[in-house]
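Both complexes shown next keep chain A, but they swap its partner, so chain B is in the first and chain C is in the second.
What follows is the complex of A and B.
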C-alpha cells in the first residue's frame, strides 16, 4: 500500500491550468525525485501536498486517509514534513527555539516517546552540526547551515513523509554532501522522501525513482538511470534531444 | 506626590489593554486596530449593568466577560478570513461601529455624556492604596504575559508572525494561536474596564475613541513591537509626557492639539527608526 497517493490532481488558477491530472504513488521508505524545468509545477504540487493550495480536482491520500481538504497544520501533525526552497527557519529566533517550536508542535503521543525536550533539541542541533551555535539567532547562519538545521528539525519532529524543495539550492558542495548524508539517514530509517531538485547527478545518487513534470503533467517516471537516458527528459530540459 | 501617583496609576491602567494589544499587534504582527472596540464592549457592558440597571457587580462582570470574549472571537475570525490590510480596515470599522452605537443609544449609555458616579466598590478610596492595587495588578499582568511569551504559545506566535506557511508546515495551528492572542487582548481590556472608570468615577466614551487607538499603536511602535519591557517603558514615558503637558500652562484650546502633534511626532520618529523591524519581511516559498 503506498504511503502517498496522488490521484488526478488538477489546479486551475484564474483560468490557467497549473497542474493537470497529476497521478503517482510513493511507497513507504522510497526516495522519489521530482524534476522538471522551471514553471513545470513542482513547487505548486508541493504546496498542494502540504495543504497550502487546494486542488480544483483530484485527491491526495496519505496512509489511506484522504487529506485533500485538511489544513496544513493537521497534515503536519499526521506526519507530512516540508523543507522549503527559501529556508523555512525563523530567523529572529535562536537555533534552540527553532528546534523547540517544531518539537512542541508534534502530536502529544509522539512527544511522549521522544525523551526530554532539552535532550532532543541538543540531539537535533548535533545532527545539524550546529550545537555550538545553539543560542545564536538563526538569521546569522549561512545558507547551508540553515538548510541543515531545517532538515534536521523536520527529521526529529516525527515526520513520516518529507517534502524537500531543492535542498541543495544555495548550498556549498561540502554542505551538499552533508544534505545527502542526512537524506541517506532518512532512507535507512525507512522514511519516505519526495524531493525536488535540479541537480541530476545528486538525484541519481540518492533517489530510487524519478518523476518528471512538465507544464503541470507527469511526462515520465522510472529509475534514475532510465530517466537520465530518455529522450523525453532531454526534450523537457533542452527543448530537443541534443544528439539529433 | 499626588501627581506622580496619578501618572503611575494612569500608566498602569493603560498597561493592561496595551500589553494585551502588544501580543496581537507587536508579537503576532497582526494589523489589529480594534483594541478599543474590545475595551468599549468590556467597560460599557460592565458599568451600564451596574450603574444604569443596578445589577450585582459579579453578574455584570460575567456579562462583560461574555461580550468581550464574543467580540474577541469575532475579531479573530475576521483576521482569518481577511487579508492583513483588509482586516486592519475592518477592525477600525468595528471600533467605530461600536463607538457609534454607544454614542447613539442614549437611553442606555447616556451617549457622549458618559456614565457618572462609577462606584469604587471594594477598591480603595485613597490615592495611595489605589495606586498600590493598580501597581500590583500591573506587575502580575506583566509577569503573566512574560511567562506566556516564553512558553510554546509565545514561540508559536513569533513563528507565525515570521512566516505563516513555515509555521503551519510544522503543525502550528494559526487559528488556535491567534484566537488565544485576541482573547488575551480582550482580557487586558477587561481588567482595565474594572479598574479605570472607578478611578475617575466616570465612564466617558471619549476615553475610547480612535485617538486612543492611535496612542496604543504609538506606544507599541515606540517601545518596539512585541517587546514587553520596551512597550512598558514607552507607556510610562509617553504618559508622563501627556500628563506633564497639562502643567505647562498652555491654554485649554491649545493643549489638545499640542498633545496630538507631539504624539504624531513620536509615532513618525518611531516608525522611521523601526521601519525594518515593524513588520516581517515578505519571503517567498
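What follows is the complex of A and C.
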C-alpha cells in the first residue's frame, strides 16, 4: 500500500490549467525526485500536497486517509512535512526556539513518545551539526545551515513524508554534501521523501525514482538512470530535436 | 514632573491600544481603521452597564471587556477575514466603511455629550510635586501588570513561541502543525480586548465622546509606524514616547516666549507618522518579519 497516492490531480487558477491529471504513488521509505522545467507545476503540486492550494479535481491520499480537503496544519499533524525553497525557518528566533516550537506543535500522543524537550532539542541541533549555534538567531545562519536546521527540525517533529523543495538552492557546494547526508539519514530512518531539484546529478545520487513533470502533467517516471537517458527528458528540457 | 506624570498616564492608554494593533499588523499585515471606534465601544458599554443598568463597576468593566472581545471577533470574521487573503490592503477599505458605521451607531446609542464611567471629582495625591488621581495610579499599575503578563506570554510560553512563529513565517508555522488561522483570530480578539481596556481607561479617567475615535486610531498608528511595523515592544515604547512628546509640546513655554495651544497636541502623532515615513520607514526597531 503506498504511503502517498495522487489521483488525477487538477488545478485551474483563473482559467489557466496549472496541473492536469497528475497521478502517481509513492511507497513508504521511497525517495522520489520531482523534476521538470520552470513553470511545469512542481512547487504548485507541493502546495497541493501540503494543503496551501486546494485542487479543483482529483484526490490526495496519505496513509489511506483522504487529505484532499485538510488544512496545512492538520496535514502536518498527520505527518506531512514541508521544507520550503525560500527557507521555512523563523529568523528572529534562536535555533533552540526554532526546534522547540516545532516540537510543541506536534500532536500530544507523538510528544509523549519523545524524550524530554531539552534532550530532543539538543539531539535535533546535533543532527544538524548546529549545537554550538543553539543560542544564535536563525537569521544569522548560512543558507546551507538553515536548510540543515529545517530538515532536522522536520524529522524530529515526527513527520513521515518529507516534501523538500529545492533543498540545495542557495547552498554552497560544501554544504550540499551535508544536505545530501541528512537526506540519506531520512532514508535510513525509512522516511518517505519527495524532492524537487534542478541539480540532476544530485537527484541521481539520492533518489530511488524520478517523476518528470511538464506543463502540469507527468510525462515520465522511472529509475534515475533510465530517466537520465530517455529522449523524453531531453525534449522536456530542450524541446524536440527537429532532425528526428 | 507634572509633564512626566501626564505623559505616563496618556502613554499607558496609548500603549494598551498600540500593543494590540502591533500584534495584528505583525501577524496579518492588515490595517484596522475602525480601531478607535472599537476602543470607544468598550468604554461606552462599560459606562452603560455601570451608569444606566446599575451594575457594580467591576462587573461593568468585565462586561465592557467581553463586549470588546465579541465585537472584535465580529469585525474580524465579517470585515477582515473574507478580504485579507485576496489583498492585505482590502481591509483598509472595509474597516474605513466599518468605522463610519460604528461612528453612526455610537452617536445613535450614546449621543454626542461626554459620558464618564466615574463622574465627579477624583481623589488626587501629590507625588514629587506632581498631582495624580488614585484612579490614574491604579490604571498605570494595571497597564504595567498587563504588559508584564504579555511579556511573559510572548517570551516564555509555547503559545508565545507559536505567535512569534506565525508572525515571522506563517506558511512554515502551518507546515509544522500550528493552526495559523486560529492564531490570527485569537490575536485579533486580544487586540480588541486591549482596545476595550483602553476605552474603559478613557471613560474612567476622563470622559468618552464619539469624536475621539479618529485621534485614537492615528496615535496608535503613529506608535506602530515609529516602533517598527509589527514590533510589539517597539510600539509600546513609541506609544509612551509620543505621549511624552505631546505633553512637552503643549506644556512647555518655548524659548520663554510662547506656548503651543492644547488643540495642537493631536498633531504630534501625525507629525511622527510623516517624519518616520519620510526618513525611517521601517521604524526605530524594524521587525525583520513584516515590512510594509
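Keep this in mind: the second predicted complex is superposed on the first by the 239 of 244 C-alpha atoms of A that agree within 3 Å, B and C clash if a C-alpha of one lies under 4 Å from a C-alpha of the other, contacts with A are read in each partner's own complex, and residues count from 1 in each chain.
Going forward, contacts are C-beta pairs under 8 Å (C-beta built on N, C-alpha and C of every residue); 3 or more make two chains touch, one makes a residue touch a chain.
Note that the structure is a prediction, hence the values are computed from the model and not measured.
Aligning the two structures on chain A places chain B and chain C in a clash.
Touch criterion not met for A:172: it reaches neither chain B nor chain C. Residue contacts after overlaying the shared chain place A:140 against neither chain B nor chain C. Residue contacts after overlaying the shared chain place A:8 against neither chain B nor chain C.
In the superposition on chain A, A:205 makes contact with neither chain B nor chain C.
In the superposed model, A:102 lies in contact with both chain B and chain C.
Looking at the shared chain after the overlay, A:132 reaches neither chain B nor chain C. Judged by the touch definition given at the top, the superposed model places A:85 against chain B, while chain C stays out of reach. Once the two complexes are overlaid on the shared chain, A:73 sits against chain B and chain C alike. On chain A, the surface touched by chain B in one complex and the surface touched by chain C in the other have residues 50-52, 71-73, 76-77, 81-82, 84, 88-93, 97, 100-102, 104-107, 157 in common. Chain A contributes residues 50-52, 71-73, 76-77, 81-82, 84, 88-93, 97, 100-102, 104-107, 139, 153-154, 157 to its touches with chain C in the complex. For chain B in complex with chain A, the residues that touch the partner chain are 152, 155-156, 158-159, 162-163, 165-174, 283-285. By the touch criterion stated above, chain C contacts chain A in their complex at residues 158, 161-162, 164-165, 168-169, 171-181, 287-289. Residues 43, 47, 50-52, 71-73, 76-77, 81-82, 84-86, 88-93, 97, 100-102, 104-107, 157 of chain A touch chain B in their complex.
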